[in-house]
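So the structure is just underneath, and the comments pick up after that.
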């Protein structure tokens, strides 16, 4: 297992390098220009000067190489410095966002809390909702509960979040005034009342995202439970005189979780970048919103770094999914 | 039969089939599962060679290797005069018409999504240019031959009983009029009363089409019934090979003896009088066979030499081959060992 | 099982068996019915309801449901029913074709990776790559490279249609590929594959005859979810200005446009919302039924 | 000061607590010299101030300067080659140091430094030197006479930077000064306490602000992100925010929101005109890239004036305005709608004339010979590719215009392009408005300040985008007229305001009412929203909307 | 074995029906038998004859939407198991009645260690502590002959060979020293040598622990070796019941007679051709109103089609459900 993990990690390095090159070339090919927001009245020469100031005059391969060095060498050094108070990275050029003229990684770090809070939490909650629904639907297959579960999850899946989000805002913020419609990223939770505020502002975005995630995961959970409920070992467990709870929640669930856990793990990277619309609707301004604004502003270093971070997450979670699979399922031996 | 020497249809020489074991960060090859480790035998035209042994001893692997379903580690397999040990895909494809296989698990070896006609017809589609009508006619003939009602042609495998499924598998193997069929435990998964039906069918077909069988099984009583000669395998090697009556009457190898004595007698009276040798322990892993004789860890008559030297597989009497130090000239064995630096 | 009479059954198309079984699945039949109604509605709709979906009647703008406009009109006075019908044609066509494309690509990659060990590593890394590619720039590049050529060959609408289907298809096959690969790996170890090999079945027929039919059920699930994703992705594309011309209605676009007017004219979101949900639901139930019907083991019961 | 304080009860600084502002485009930097985004200038204007600003009427108002220099008061030299600014005595940076002429000079150096990529470089065009006369006086010297010398150091886009803070940030080092770019030291009413790019800015009152009673708010939160509808909702319906910027929403949506009662939309007009630009060159994709959409290939039908005119006549600008902008728009026939001195009074186009348009096409020989509903001549069909950027109102406009054009027998295919691509100017993209690979396109443009000379100069012959210039250039229509160019030359040499006005109107009319090269549609105002209890807001289209945030206050219940 | 001893398990008129889409399957039809203390009752019959379903019905382990109990009673220690509540059943299962299932490959939960699964009944029924349960589990594994038992407790099922897994299953069934052990074809999937090991083991254990055992198999050799009494099942019914020697010496039912003839032997004479039972096993979709074996029977006459034969006593402790009497080769007169 350990060997397998190490080997896969080693393979990921060239994979990631290749992915980063592919992303770079793609962004290079894509139309758009960082000068899009500059008013039309600014004369072309000025725009050209601005472009050159961003380093756009240099050839592609040089820029790629620079980015690689900055991303893989300077940024980690910098992180090291900030932890240990050293000054190794002094004077080395970091990855600078064109739009904000500031180090990309600092903004990313700034965005992490809300992304984790809202998007991460919604994923956790979605999963937590999905699992019992999937379990009960499977245990009582074709019951009313199962039918309704199927219906709701399919509707949940087919209605886009740009709609559910606005709907919730209109109902709960505008009509009822229960929750704020705009997420305050500056809120510091330090006492009970600020905690309540934080909860209030998280309710709607978390709910919208959780619903969407739950719809998908519960389908997988149900299918997997159904596969396992008829297995022979379930009968064995019952023959031992175990209670239904133990039989279903221990024996069946543990086996059913094997495929579901990998589905859940594989969903994590999409969660980081994929909640763009919800983030927009509720103004959560997490990583998704950062990416979309960077794309709109053609902020290539930012887009490149963010997408690469997502790529790392994807590759990493693919790996985690595989490793989890192996850990959960002792039959799998990767060596 | 063994005296009226017919032509050798199958000649297997020193067949080895090792599956590599990879481990470590770089997936280097750290060893191998010696599933079949130097097996030689001949099968004469029209005869049935029984291959028996415990689970995991390499019977199936041996059978599949003979059919070149695996790429051999080494050794030669000559069937009907053609060497197929190293044949390329084209030659192999042509040879498939001569050699076929019936599988152990009739459920698993039939594609659950194909109809009976589809399954039996598949070899015809692959190898013969036939009109749809001709093919259908041939499928019906085959179904008749194995005793399946023609009305079942559009059914799916799961709709049949085990015995019927095995008939489908047999019909598929017969479709191309092969000379040689490997039956890999064709009755293991079946009920006693059905086993008899299938074995009878195989015998009838052998008679009718002059087939040659390699009959793999761990049911010694069935093998006794159907085989002309019997080979006993243990951990990738043949322990003993002899004509049927000889081996059942007077097994030479201690393993064969233990095996035979373990077969429960379907008669309570005989049962109580039966002498039985219950072996202790489990079969060693083929990845780590013991030093010396493979059987030395469980052998009731183990000797010192067995732990050091692998006994030679040799003909001890006409038509009787055995690999055991008990029948080796102990002297020669010691000498050979001394001559070769260990 | 005891069929005694020896009447040889004429070879019968497997699809009849499938249909026979499908018929017995109530949910699937209901789904198929709804789906057909929607399909017929959008195909025959223009004959029954002859208002031009693009015709602007500025005086009748923002009207609620009336006899002249049963579903009301939008902010430019275009008839919502006519736009629902026209939008349905596009959305259904995009949904179905994009789903098919992504299925074909996903299945092909999955099967090749699962079946041929040597391709596995590279194809799975390719899957990683596609998962990692940022969608928006990818779209921009694709459109940049192909739009004009396609427009020249197929005309503006078909050209864009092909492009959108292509874009959605090639950005959504990865999940299918992963699942299919896993299943193929398992099926490859089954004995009937070995049996086919012993017959001398070559690889391509092995795949089509033995492997593919046995991975149908995860493919059906992907297909179900695929239609929904495709319809919704299309709306996201038009929202980004990368989709169809703006006056070209699709359900996703109608829903998106109507979201702004959620408070004033809630019925405007309801129509496309219901249409999308119904389509997805019906496809889901059809998928369930098909999966059962395609599996002879379940069929027997 | 002349800022309108009517109604402001006055009192001590910070008395009104917290102010919440929402910008649906989030500010990404506080240094207006390094960005092109309006949102960024506006955010910066809470902190940084110029020597003078424009008020809602477009008049110049002194801010850091004692007064606005003119020829009359001797601040501008007779030969128009220099202008002398005098800084108020009492202004201090928020760190307590005084503002000096050194800072003014430094600001010029900063923006003109090599490799800095200053976005406002055009404003400093023609400045030869900034001479420090004394601690509070600086003279700007131009290399040629400048009839309008108020580009640099005026308005939200070119405020004064503190020399001390930015001394190490010149040229290529500009982007490295993250701290300074996010937390500039300014003279304005507020100081940044926390800057989160593209998300939120928190500010607090500047203790050293020159007016001890201002600002009324102690802290400000400027939140960014989302969309215009959400911003409007947050001010007018839920009351979470006090001020929302740039609500380009359908009028009925705005009305609905206003019915929420928590706030109201406010609007003001400037020079922003939504227009259709006609391509005078041929964008046919089958042409080689060197000549496609260049003057080498005249347009097959748009080069005919009657066609352009008919297309314009078919449009009902009244309805467009009503549907797209409501009170925040006015139908217009002019490219330069304001200020009054330069605004021509063409109104001919305001009434839609479908029949007239048909007759005009008929007369020009465009008839539907093949009965497909589209007029044609010599095998050329009147089929237009009509593009615009992606934006709900523009798409509604496109649909309406397409409908009218069809009524006169002109077919149109619509295309909308993501605005970051459309306005991005990437020479590699076929979809930029400069490349103009379409027959007509619609967008809005305006000019800053109050002088239209640069704006009108865009349509000079040879200023058109073309392959040799990497598709850079502002003469989007590829308009080329000797008479027009001659008038432009005359304008650049005229200092007299009235005379300038006459020439400008004539130029405007040539482009619009005479040739229909540019078809103006709507004079777009700005719409923002304020909470009912937010006082002191004066929407200003000539400068930052937050120009007078120091005067904002909470209206007591 | 005293014939009159109070049976530990008394099954009367058990009926189990499966409701399927294509109608009802009468898998078990009025099965009655008893099990006496310390005896080993063998059950034979062809595949699908209802052996497993009968035994699983006893302790309520048939899956119960498709299956349905249509009456009968199962008396165990004075309690009717069919009417006992779920909690009472759970207290009996695993503690007083142990069950070894047919397929050792799938009957163990693949994701828990063997030790964990072995400890479960111990902890639940005996209230042992974790450590105590583990100690006992190791003893049990040792008992069933798994070498190095303590270490192997932390292995997973897939790390065991089929024979060892079967032994684990047996150990698990024996964990709480049950009064009754039901073993459903525990050796069918195994090799002869391993099978021999297990048979030896069971004989041993029976002597040591003195429990009553029901042993299902279709291998007559195994039956001959270990059973005291034998039930022969066909088509969901018991068609013959006799002490083991009596059955082999004097089979009464035509099915039993045919069955005994089909098996080849490694010793004795080698018949040139194997005997087979022609025809197909019955489909159990109709309620049993005729002899299930009639289509394959060489002695069929009218009455066989008209009624289902009851179990006629044919000797001491021997009965057969057939109208035909082999002794006279004539119909029995009931």
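Worth pointing out:
Letters A, B, C, D and E mark the chains in the order given here, with residues in each chain numbered from 1 onward.
As a convention for this text, a residue touches a chain if its C-beta (ideal position, glycine included) is under 8 Å from a C-beta of that chain, and two chains touch if they have at least 3 such contacts.
The chain lineup, named per UniProt: A, C = ABC transporter permease; B, E = ABC transporter ATP-binding protein.
Remember, it's a predicted structure, so these values are computed and weren't measured experimentally.
Using the contact threshold fixed earlier, the set of chains in contact with both subunit A and subunit D is C. Ranking every chain by how far its Cα centroid lies from the centroid of subunit E, the top place goes to D.
Simply put, of C-D and A-C, more C-beta pairs touch at A-C.
Annotation: 90 Å between the Cα-based centres of subunit D and subunit E.
Remark: subunit B and subunit D have CA centroids separated by 87 Å (rounded to whole angstrom).
Centres computed as Cα averages put subunit B at a distance of 50 Å from subunit C.
Centroids of subunit A and subunit B (each the mean of its C-alpha atoms) stand 54 Å apart. Shown for subunit C are the residues that touch two or more other chains, namely 1, 140, 144, 239, 263, 300. For subunit D, residues that reach two or more other chains under the stated contact definition are 418-419, 421, 428-431. Residue positions of subunit B touching 2 or more other chains: 161. On subunit A, the positions that touch subunit E within their shared complex are 230-233, 235-244, 246, 251, 254-255, 258, 328-331. On the side of subunit C, the complex with subunit A involves touching residues 121, 125, 128-129, 131-134, 136-138, 140-141, 144-145, 178, 221, 225, 228, 231-232, 235-236, 239, 252, 255-256, 259, 262-263, 269, 273, 276-277, 279-281, 284.
Contacts from subunit A toward subunit D in the complex involve residues 29, 31-33, 35-54, 96-97, 99-103, 106-107, 110-111, 169, 173-174, 177, 180-182, 184-186, 279-283, 285, 289-290, 293, 295-298. If you check the complex, the residues on subunit A that touch subunit C are 11, 15, 18-19, 22-23, 26-27, 29-32, 150-151, 154-155, 157-160, 162-163, 166-167, 170, 174, 216, 219, 223, 266, 269, 277, 291-292, 295, 303, 307, 310-311, 314-315, 318. In the complex of the two chains, the subunit C residues touching subunit B come out as 1, 3-9, 11-12, 14, 17, 190-192, 194-202, 205, 209-210, 213-214, 294-297, 299-300.
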